[in-house]
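Alright, structures below, take your time with them.
Consider the two complexes below, in which chain A is the common component and chain B and chain C are the respective partners.
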Partner chain A sequence: MFTHLFKLIWNKKKQNFMLMLEILVSFLVIFAVFTMLVYYYKNYRKPMNFEYDQVWSIGFKMQDRPQSNDSLYVFFEALKNQVKSMPEVEQLSFSGHNIPFSMSTSQNSLDYEGRHVRSIHDYTVSDDHAKVLKLSLVSGRWFSKEDDASRYQPIVISEFLKDKLFGTGEAVGQVLDKESDHPRRIVGVVKDIKDHGDYQAIESAMFRRADTNALRWMEQALIRVKPGTGVAFEGRLYKALASHLTNATIEIEHLTNKRQAKNSMTLVPIIIMMVVAGFLVINVALGLFGVLWYNINRRKAEIGLRRAIGAPAGSISRQLVSEAMVLATLALIVGCFFAVQFPLLNVFDLPASVYIYAIVLAVLFVYLLVIICSLYPGKQAAAIYPAVALHED
Partner chain B sequence: MIQLQNIEKVYRTSAVETLALNNVNLNVNKGEFLSIMGPSGCGKSTLLNIMGLLDAPSKGEVRIDNEATTSLSDKQMAHFRNKKLGFIFQSYHLINDLRVLDNVELPLLYRNSNAKERTRLAKAALEKVGLSNRMKHFPNQLSGGQKQRVAIARAIVGEPEIILADEPTGNLDSAMGNEIMDILLELNNIDKTTIVMVTHDEHMARRTHRLVRLFDGSQVS
Partner chain C sequence: MLKNYFKIAIAVLKRRKFFTFISLFGIAFTLTILIVLTAFLDHLISPQYPDTKRARSLYINTATRTHSGKGFQSNGPLSYHFLNKYVSSMKTPERVGIGSIFITTNTYINNKKLEIDMKYTNADFWEVQEFEFLEGRPYTAQEITNGDHVVVISEQTRRDYFGETTAVGKYFETDNVKYRVCGVVKDVPITLIFSYANVYLPYTLSKTGRNDTRFEGMYTAIILARSKADLPAIQDEYQQTIARIPLKGEEFNELHSYADTYLASFTRILLGKDDSSGVGKFVLSIGLFALFFMLLPTLNLININISRIMERSSEIGVRKAFGASSKTLVYQFIIENIILTLIGGLLGLALSAIVILVLNSSQLIPHMYLAINFTVLAWAFIVCLVFGFFSGVYPAWRMSKLQVVTALKAQ
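Moving on to the complex of A and B:
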């Protein structure tokens, strides 16, 4: 029966071409949507590897700062001690603009024995940063006073970056950018963090220890507060900061809120694309349904003949559904040919598994759509009475 | 071979009730070539459809080969048609998107037969009707007479005991019509196939064993 169906479809290839094209285009759109969904879902499943629930960010845009390094250090130490003296505050660290869930990013590159890694998220942070965010160390240590006398700039890198630079080799103690003016030494490796939201992919990251020089431009602090600390403390904290940071614009935000805002920014385009794809799928479904319905009316005599020569009603229904499935299969073979180019050519630098999952899901989706759209016309065809169908022709 | 007892067929719409067949009793013997004649709308095709289990009578019983058919399920009826009956229609009812050979193979698709066997039988049937040189053609590349011969090949490919022909020469000129009639007579004489043929052509009807006339749904001779 399959050969028979194939012959029937092949001999009507001109009429079937548009339908196959419609299925092909919808497959490609659905493949794109599933690629995005699988990509974000895989990212979502990965742990954040830091704790943000009780962490607040303090932005302080200062009009003028102490000029000398010593004065700056004293100023920031005094600010830190003042905030930490408040019983609700457990930890405090200073950071560059790229705090978790912010819109700011800072990127850098690293060299190690001819290996050059670009697009590394570069965080300049003070010594208590790991405690504030509860970062998980994999090996080595976080920054401490012992780094004050170091010849090299101490850095902590993420596992992802460590794998890129050293593979399975040891990272701690290695010196990077040896030829540059600022050679760096890895003192620790932390678990990969997703500080740009739940749907962010794991990327390379490095933490630099903030030296006195960095205090000239630092305008962010992160504090970890005790559980249950509420809005009342926010007011007191603001007053305390305002008394110290005169002529500064102060902004206090909760990382939980920033996370939500960041996630929304990722989700909105996904939702828009899904809505567009949804309309397309509805269009394709209606088109498919219409074509199959039209086919039944056009092929009434054929259906009547098949019934006359021995086809049971179920067989007619199955034939129409199978024809639609064969058409879908032909369109999907072409569609899959295009889709597999994405992992083969490494388009968009996504893991191959994302594309493979997306292809499988899109194929299943198209088959499901075709079955749903052809079941009712198939049932209607099966209900045609042979004498009536043969007489109408 | 075919027994029709008190057959009545009524077509009902919301407004009108039409009596297409009225108390028809007819026996067709095994190996007989019977023709049915009558004016248009007298119920000839309806009677043939009922004999071929393509339509159900409103009243009465149809027995084929001593088997009552009224209680058969859709699947059993389809199987019955496939095994015992062959159909020939005035407008041929060939599938234009299939080649001649594939058209002839069609009834065998609904049997448990393999592709090789189907092709062998279809070729043999086409040989019988003298169309073995047109196997790869599409129906729209054939003349009316050739189309009807393909339809006959399709009807006989499954070696049915009964052939029901609804005006098989109706769309053909007299020469072509005679050719088709010769093939049908040969099938009846050599293969002993029972044939029931509806026709408007008195000349064709006279070549059969028996003629039944219908008028306004009733059997008049």
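Moving on to the complex of A and C:
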């Protein structure tokens, strides 16, 4: 059966070559779209593991700060107490530039017994950060005043990073970067957070405790406000901040809005790509439909003859649909050969499973497309009367 | 002759309506996407309000500071001090406009929150950029040196803050500081980052980096040349100036910065390497993208064309039998196909006009208005010709190979 169909296609290889090329290119386009969709969907399914609904960020760009460490500390404590004294504010923490859903990132590396882990998101934050964002600890504790006297810089790492560094072993209490001037000690492990939006992949993260030196450059604060706090309070807060930070440019943002902005930065390109790919697919489907239909019209005599010697209508339409499927299969084999190179060569640093899902989905999609496009022409062919068809020639 | 081909092409189009629809749909859709993208690129690259003198302007975006020994590298905008000391003092330019990157702040009025993007500028900024003043005037060099609290606001900010009235002479408050409004300008979209802001302030009012003598900061410069021919001379002078800057006592020992034309100032950040500005790479990648994007519709059109051409085998057979050469036939078919693509192109143009209208009225990017202008039209026409030519060549070649006998027998 298949060898027969294959022979039919091979005999018209010149005519079918262009059709196969078209199916091949559409497969590659669909594969690319599905790879993206699968990747983002997998990320989207993972929980955020922090709460941003009632959190506002305060950016204060200022350069003229108190000079000595003591006065710097006093200045920031006063700011913190002033803001926290407002009844609407529940918690406050200071942070580096890379607050959740911001455009800036900061990365660092860690060493542990010869293992070197790169591209770790590096958050410099003050003690109340976990309370502001409601981070959930897996083990250990968050850093606090009791670390003041510690010989090591206390850090909290994410589960993902813990797995990278220690596997199933215990992380809390371990000392990292022993060789360097600033050895760090892990005091806790938190669940992985998705602070770059709903569609980001889980990446390694470490939180380190802000020391007085960090107060020289930190320009962000996060506050958790009581539910239902509105713009009237925001205006008052802004005034209060502006009178304390006389030399700063202040910006208050809501993390919910920042999340939306960040998500749309991922979504807009996806939507544009899907619209374009969608139209390309419609285009190809119409073309495929037209060509198959036309080919069947040209084979009226052959089909009429088969009907005359007793082939049932179902068998005729089955033959035509299967012919189209064999054609698609040939194109897909070549297409899969190219697509498989992506996980094999690890081109875009995505997990192999994403590519495999995408290949399977794209193959199914192309088959579906081909079946839909060949069903109607197949039915038309089956409706040919042998007498009419044979009369024509 | 062409008239004849045109008639035949129309007749063929009318014959199989479904095929015609598929072909025209494919062409029109492909062109719509390309035209909208070109319009967007054109909006980004060619001179726009208020940056209308782009042809004789050079832009200094960033500087890269490296220390080869320590492996230190830092890249970013420059300080006002640096630009004022080294760029404003250059001999060849006519003027040097200096503006900061925009800084966002809030202001609250009537229980409403406004997000304000501020830009600090010098006086020449207003000469280099051609802003349209709806009322008032820009702040002067005198006001800047005095440290007067004056600002120029955008039309949008005037509407949000003052309502539908005039604003000049009134006071605008943000960061607990009151500023007197001295002018109102027409809005600028955020895509023009050298010009965009809601509120423009004298650089002397900046809260950060006033007395800073470091190199890095938040300012960019626009250098206006007397004529387009002066641009290379200015670039040379800037390189010489950069080379002479003493780097003693800094944490880096190499300083690289370039005065680039508008497009190059962006491609250098994205694609530039060493001395090359990356414009070539940019054009190449855009071209490759367009080609790849057109590949699928072209293949589709080729397939349809092959089907349609075989339908006309009797016509071809007759013409061949009467002595028409393969060349004539190929020529005819390609012309026919180009006519078809041009018709599809017209449809695509109409479609893209609609898409652009929708995009403009939706204000996806505030104050951005795309337009189909002559450049876009010219590109669309070229794309049409290429599209028509390539999708016609292979089917025509296949057709011309047809044996007279088979062609005549087919029907």
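Definition applied: the second predicted complex is superposed on the first by the 391 of 393 C-alpha atoms of A that agree within 3 Å, B and C clash if a C-alpha of one lies under 4 Å from a C-alpha of the other, contacts with A are read in each partner's own complex, and residues count from 1 in each chain.
Here is the rule we go by: contacts are C-beta pairs under 8 Å (C-beta built on N, C-alpha and C of every residue); 3 or more make two chains touch, one makes a residue touch a chain.
Since the model is a prediction, treat every value here as computed from it, not as a measurement.
Annotation for the three-chain superposition on chain A: chain B and chain C fit side by side. Contacts of A:E203 after superposition: neither chain B nor chain C is touched. Taking the C-alpha centre of chain A as the vertex, the lines to the centres of chain B and chain C open to an angle of 90 degrees, rounded to the nearest 10. Of the two partner chains placed by the overlay, only chain C lies in contact with A:Y238; chain B stays clear of it. By the touch criterion stated above, A:E159 is placed in contact with neither chain B nor chain C.
Once the two complexes are laid over each other on the shared chain, residue contacts for A:S315 go to chain B alone; chain C is not touched. Contact with chain B, but none with chain C, is seen for A:K7 once the two complexes are overlaid on the shared chain.
Which of chain B and chain C touches more residues of chain A: that partner is C. In the superposition on chain A, A:H391 makes contact with chain B only, while chain C stays out of contact range. After overlaying the two complexes on the shared chain, residue contacts for A:D122 are found with neither chain B nor chain C. In the superposition on chain A, contact is made by A:A248 with chain C only, not with chain B. Note on the superposed arrangement: chain B and chain C approach each other to a least C-alpha distance of 12 Å.
Across the two superposed structures, the residue set of chain A contacted by chain B and also by chain C is empty. Chain A makes touch with chain C in their complex at residues 14-15, 18-19, 21-22, 25-26, 29, 59, 61-63, 231-232, 234-235, 238-239, 242-243, 246-252, 276, 279-280, 282-284, 286-288, 290-291, 294-295, 298. Put simply, chain B touches chain A in their complex at residues 45-46, 49, 52, 54-55, 74-75, 78-79, 81-83, 87, 89, 91, 93, 95, 97-99, 102, 105-107, 109-111, 115, 138, 154, 158.
Residue ranges of chain A in contact with chain B, taken from their complex: 1, 3-4, 7-8, 11-12, 301-302, 304-315, 385-387, 390-391, 393. Chain C contributes residues 18-19, 21-22, 25-26, 29-30, 33, 103-106, 108, 111-113, 115, 118, 175-176, 207-209, 212, 293, 295-297, 299-304, 306-307, 310-311, 394, 398 to its touches with chain A in the complex.
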